[in-house]
C-alpha cells in the first residue's frame, strides 16, 4: 500500500522510538502455534469462552488459543474486516448465521467439507440439521454451529402468582399472549392499567406485561406463523415484502402491543432500562427472547422464573438463532484451528458452553443430556427449546443482511413507538430494502 | 496570534538579522529535528489517507481485491438517502454547535479573564469536562440523559407530577425523540470547549489594556466596547478557532453518536458522517463507498476552510506588519 | 456586560466585581455538577431500582460498582497498559512536536509553508480513513497486537495541531534571540533545548496535558490494533462496560471515574502553569 | 488663581495594598499646562489615572471644571487622555480612531467625521485619515492620538508621557508643537513626564512628585531658582546640583547667611568658578566635553565630589590641581535632616 522506502523509514523511526524507551519488544507476537479466536459478548459470556479455552488447553497440552474479545457485534465486524484487509485475520471467529453471509460471500471463510469428512470427531449427523444448513453457502459447509436456539417467552412466575394470572401453557395463542400481557400490566398499587400514550403520561405502569423488540427477527416467526413471508422470495430475496395480508396482520399485531394495548414498555422506558434488565429487576412479566438471556437470568435470586414456547398465531413456527465457529481462509494455522473447532463442537466442548446456560447445544446428544436439561438450574422448562427445533426456520442468508436488519429496525421502531401508518411502514421497508438486497449475494 | 498594537516580531531566520540564514550544518540539524514528525506525518497520515482516498474510486469490501469503479461510488452517494441525512445532520451540527461552542468559550473567556473571587475556580471548572476521556464522557452522558432515571430529567421533573415538569410538560426525550437527541449531542459537545476557551482566555489577556482604558474615558458602553473593540481585535483568533472547531466537529460527533445514541433515534437522527463512514466501511464492508463518503467529507471541509481562510485573510489586511 | 475593562471609581468597580463573581459562580454551577454526578452515580449501589428523585449523595453509599467494574472490565490491567502507553507516548510526542515546531520556525519559509500546509491537510483527515491502511503498515512491520500502534501517533506529535502550536510559539520569540544564539554559535538543537524550550514552558505544559488526554482516551486505535485482552487499554475496557444496561449505571460510571481521575490530575497540574494569573504590569 | 480646571483635594490612591499617592493636593488652573515631573515609580501616571477615573481614590476628592467627579466613571468626566503607547485601536482607520469618542456618544456619523477631519487638521495629520495605525510612524501615531484627544473638546487633557516613545529630534519638534497647540486651544492640560528639560520647556507650572507626594509646585523658573527641597534641587538640572555640608571644605565667598548647625549647601555646576585664585583646593578626576561646554568632575580635599561647568576652551587638564570657588548668592541652603530649603 505504501512504497517500500517510506515503510522502512517508518520502521526505522518506530524502532528508534522503541529503542529510546526500551519497551514494547517482547510484548505479543509469540511464534508459538497459537491460534486466535475472535468472539464478542457480554463479560459473562466472554468468561464462558475463557473456560472453554482453558479446558481445551488442559485437555490438549501444547495447544494454545488466544481469545480476542470484541464488546459487541459491531466491534467484532470492524476487527474482523480490518484484520482480514490487513492480512492478519484471526484463525477462528464466532458469528451468527444472519451476519456471516457477508464474509461467506467474499470468500473469507474456509469451507470445511473436506475436514469434516476426514474427521473422526465431527460427524454432521450428530448435529441439528437446521443449524448445519444455515451455515451452508453454495452447498458448502462453511461454519460449524455451536448452538441452535429459538425464540421463547421468559416469564416471572412469582409475579404471575402474585396477580393470580394463569401461566402461559404450550399451545397458547397470540390472543392468549395479548390477554395475559394485558392482565399483567400493573401500576404501583397492583391495579391493571394500560400503558398507552393517552393515559401513560398520567400513570406509568410499574410492571409491564411483555417485552419484545420491534425487529425483523421477532416479527418473522409471527408472519410465518400467520402464513406470510417477510421477503418476496425466501431463496432469492429482492425486497422486504410485508404487503401480503397475512404479513400485514402480523405486523399490526406486533405494533398493537404498544399502540393499542400498551403492554410493551415505551421507547423512552426501553432507553431508560432495557427489557432484559426490566425482567431481571422484576418489573417485566414476560420477555420474548432467545436462550442467550438465560446466563444473565440465572443470577436472579428475588423471584422464580421459567420459559414458555412462542405463542402460536396460526401454526407453530419458530425462528432460528444460531452462532457458529468459522475458520478464516487467511488463517496461518488451519490445522490447529480445526483441532480447536473439533474440540469446541465435541460433546465435551458443547457441555462446557451449555453449562453457562447461554446456549442450546447444536450437538443433539448433548442437548438432551443433563448438561442442558439440568432440572436444578432454571429454567425448568428447557425442554421447550428442544421442542421448538423441528418448527424453526432460518432467515434468508444474504450478504447484506446486517444492513437490512439495521434499516428495518429503525422503521419498525418508529412503527411501534411513534405509530407510523402501517402502509407507509410497509412501503418504506420495501423501497429501502430493495437496493440493499440488490447489492447482496445469496448463499 | 495576539493582535497587539505594537510592531510584531520578525519571523526568525527570515529577518534582516540573519541574511544568510542558517548554515549548512544547522540546516542539516534542523532537517533531522523535523524528520521524525515528517516520517509520522507522511507514513501515518498522508500516505494512508491517499490510499483510502484512492480506494474511493474502487469497489472494495476490505476482503476481495479492489476493482476499479470510476465514479460509481459517488453517483451512488448522491442517491443514498442515508448519506444525505448524515450529511445534513453533520452540516446542521456544525452550523449550530460550532458557533455555540465558540460563543460560549468567548463568553466564558470575557467573563473569567480577570481576577475576581471565584474566577480561578470557574476557569478550572470550565476546563474539567475537556479532560474527561471521550468514552468515559459518553458513558456519563448516557446516564445523565436517561429519559426516566437520568439526573437531568429528574431535576426537570422536580415540582411536577406524574413524570411531567413543573410546567406540566413532558421532559425532553433525549434518546428517543430525533430533535431532542440532536439537541442532546450538541449539549454534550458544548461542555468540551475547554481548548477553545483557553486560547481565547490567552488572547483576551494579550489585548492591550490601555485601549480599554481609552474606551472607558470615551464612555463607550459595555456593548460598544465589545462590538467595536473586543470583537474586532479577537476576530482573527475567533475565526481560526471556529475553523479548527468546524474541522474537529466532523470527528467529535463520533464517540457521542457511537456510544450515547448509536446513530438513532430512528431514522438516523444522530447518524453523522463520521458514524456513517464507520458503519458502511467496517460494519457493512463497503470500504470503497465509505472512502468516497470520506472524500466528500474532506472536500467539504476543505471548502469550508478555504472560505473561512479568505475571510481571515481579508481581516488580516487590517494588520499590516 | 463584561466589555468594560476596568470599573473606574469604587462603586461601579465593586458592582462589576460582584457581577463577575456571580457569573463565575454560575459557571461553576453549570460545569461542576456533571462531574459530581459522575462520582455520586458511581457510588450508588448497583442493582437497586433507580431513585425516582434526584439525589446527590447516594443512599447507601456503595463501592460495589467499582468492584464490579474492576472485575468485569479488567480495569486494573487496562489501567496499567494505559499508563504504559502514556508514559512512553506523551513525552515522545511532546519531544517530536517541539522539535518539529522549532525546526519549522527556523527553516526556510518555503519548506515551512509546505510542511504547514501538509499538516493542515492532515488535520482534516478523519481518523476512520486511516485505520485500514495503518493496519497494513503495522502488520508489515509485525507490530499488530503490541502496544506500539498506540504509541505510534506520538511520531505525529499526536496531532499535527500541536506541532503547529509549537511552531507559532517559537516563531513568536524575538528574532534577536535567535540571532544572538547564532552569534554564540549555538547549534539548533542546543538553541532549542537551552533557549527556546524554556521560554515556551506554558505552551509545553498545556500541550503535554492535551497530548496526555488524547493519548489516554484513544479509543479507535486499540479497538482495531490490539487483540490480546492483556494489552487492552482503559477506553477499550470501558467500551465493554458501555454495553451494560442503563440501570447498571453505577458500574459503568465507576469505570468512567477510574478512567477520568488520572486525566483530571494531569490537567489540574498543568493548568496551574498555563492558566496562571499574572499580576497586572503597572507603573 | 482663576477658576480651577482640575483639582485634586487630598487624594490618596493605592495599588493592591500599597499606597501610591499620599494625600496629594493639586490645582490646575483653567487653560493652564501643568507638567507633573518625577522619577519613575513616583506615581505620576497614577495622578493622571485618578484624574481620569481609571483608578479609584482611597481618600480625597477630584474636581473637574468645578464638578466633583470623584464617584463618576471615566466616561462622564469629560477628560481625554493620550497614552504613552497612544492606545490607538489597531483595527480602525485614523478617521475612525479620532471619531471613536464621538461615535460611541451617538454623535451623527457625518458630524463626527467632519470634526475628526478638523481635529486631524489641527494637529497636522489630515493626510492620514484612511490609514490604519499599523501603517503610521511613531510621530504620526502621536499626532493621531492628540487629534483623538482634542476632537471632543474635553475639560482637561491628560497626557501620559506622550513624547517618550519618539526619537530625540522628533521629541523636540513635537514638544514645540504641543506647546503651540496648547496656546492655540487655551486648553487645560496635565502632562506627565520624567524628562526635566521637557518639563521646563513646556510647563506653565511644574509639580514635582516623589514617592507619591508632591515636593513642590511652581513655575519652571521657581523650580529652577528656588527648589523647595534637596530632591527637587537635584532632580532638576543636569548634571545635578552639587551638595556639600555647610561647614565643610568649601566655603562660598561673600556674606554668609545665618546657618543652623546641620545645614547643607547646594550650588549648580554653572555657579562653580575654577579661575579664582582662592577657594577650596581640588583635583580634576575627569572631564566630559559636551560641545561648547565641559563638565569637570572634581574631588575636594576630604573626598567630596563637585561638578563644575566651564567653557570647553577653558577646561583644565585631567589630574590638575585647581581651586574651586562659589559665591553665597549662587548657593541654596537646605536643612540637612529634612532636606527642606532654609533660605532665602
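Every chain is named by a letter (A, B, C and D) in the order it is written, and numbering of its residues begins at 1.
Just so it is clear, a contact is a pair of C-beta atoms (placed from the backbone, for glycine too) under 8 Å apart; a residue touches a chain by one contact, two chains touch by 3 or more.
Just so it is clear, the model here is predicted, and its values are computed rather than measured.
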Topological distance between chain B and chain C, in contact steps: 1
Chains sharing the largest count of C-beta contacts are B-C
Inter-chain centre distance, chain A versus chain B - centres from mean C-alpha coordinates, in Å: 38
Using the average of all C-alpha atoms in each chain as its centre, how far is it in Å between chain C and chain D? 54
Round to the nearest whole Å and give the separation of the Cα centres of chain A and chain D. 90
As a quick test, compute the distance in whole Å between the mean CA positions of chain B and chain D. 54
Multi-chain contact residues (two or more partners), chain B: 36, 39-40, 43-44, 47-48, 51, 62, 146, 148-149, 213, 215-216, 220-221, 224, 229, 278, 281-282, 287
Touching at least two other chains at once: which residues of chain D meet that condition? 53-54, 73-74
Two or more partner chains touched - positions in chain A: 1-2, 7, 10, 13, 17, 78, 82, 85, 271-273
Residues of chain B touching chain A in their complex? 35-36, 39-40, 42-44, 47-48, 51, 61-64, 81-82, 146-150, 162-164, 170, 173, 175-176, 264-268, 278-279, 281-285, 287
Across the complex, what residues on chain A touch chain C? 1-2, 7, 10-11, 13-14, 17-18, 20-21, 23-24, 27-29, 36, 42-43, 66-69, 71-72, 75, 78-79, 82-83, 85-88, 90, 271-274, 276-277, 281, 283
In their complex, what parts of chain C are in touch with chain B? 1-6, 8, 17, 20-21, 23-25, 27-28, 31-32, 34-35, 37-38, 41, 50-54, 96-97, 99-100, 102-109, 115, 118-134, 137, 152-157, 160-161, 163, 168, 170-179, 182, 187-189, 192, 206, 209-210, 213, 216-217, 219, 234-235, 238-239, 241-242, 246-247, 249, 252-253, 255-257, 259-260, 263-264, 266-268, 271, 274-275, 277-278, 280
Under the touch definition given earlier, write down the residues of chain B that touch chain D in their complex. 3-6, 208, 210-211, 213-221, 224, 228-229, 232-233, 235, 318-321
Quick check: in the complex, which residue numbers of chain B touch chain C? 1, 9-15, 17-18, 21-22, 25-27, 29-31, 33-34, 36-41, 43-49, 51-53, 62, 107-108, 110-112, 114-140, 142-144, 146, 148-149, 151, 154-155, 158, 191, 195, 198, 201-202, 205, 209, 212-213, 215-216, 220-226, 229-230, 244, 247, 250-251, 254-255, 259, 274, 277-278, 281-282, 287, 290-291, 294, 297-298, 301-302, 305
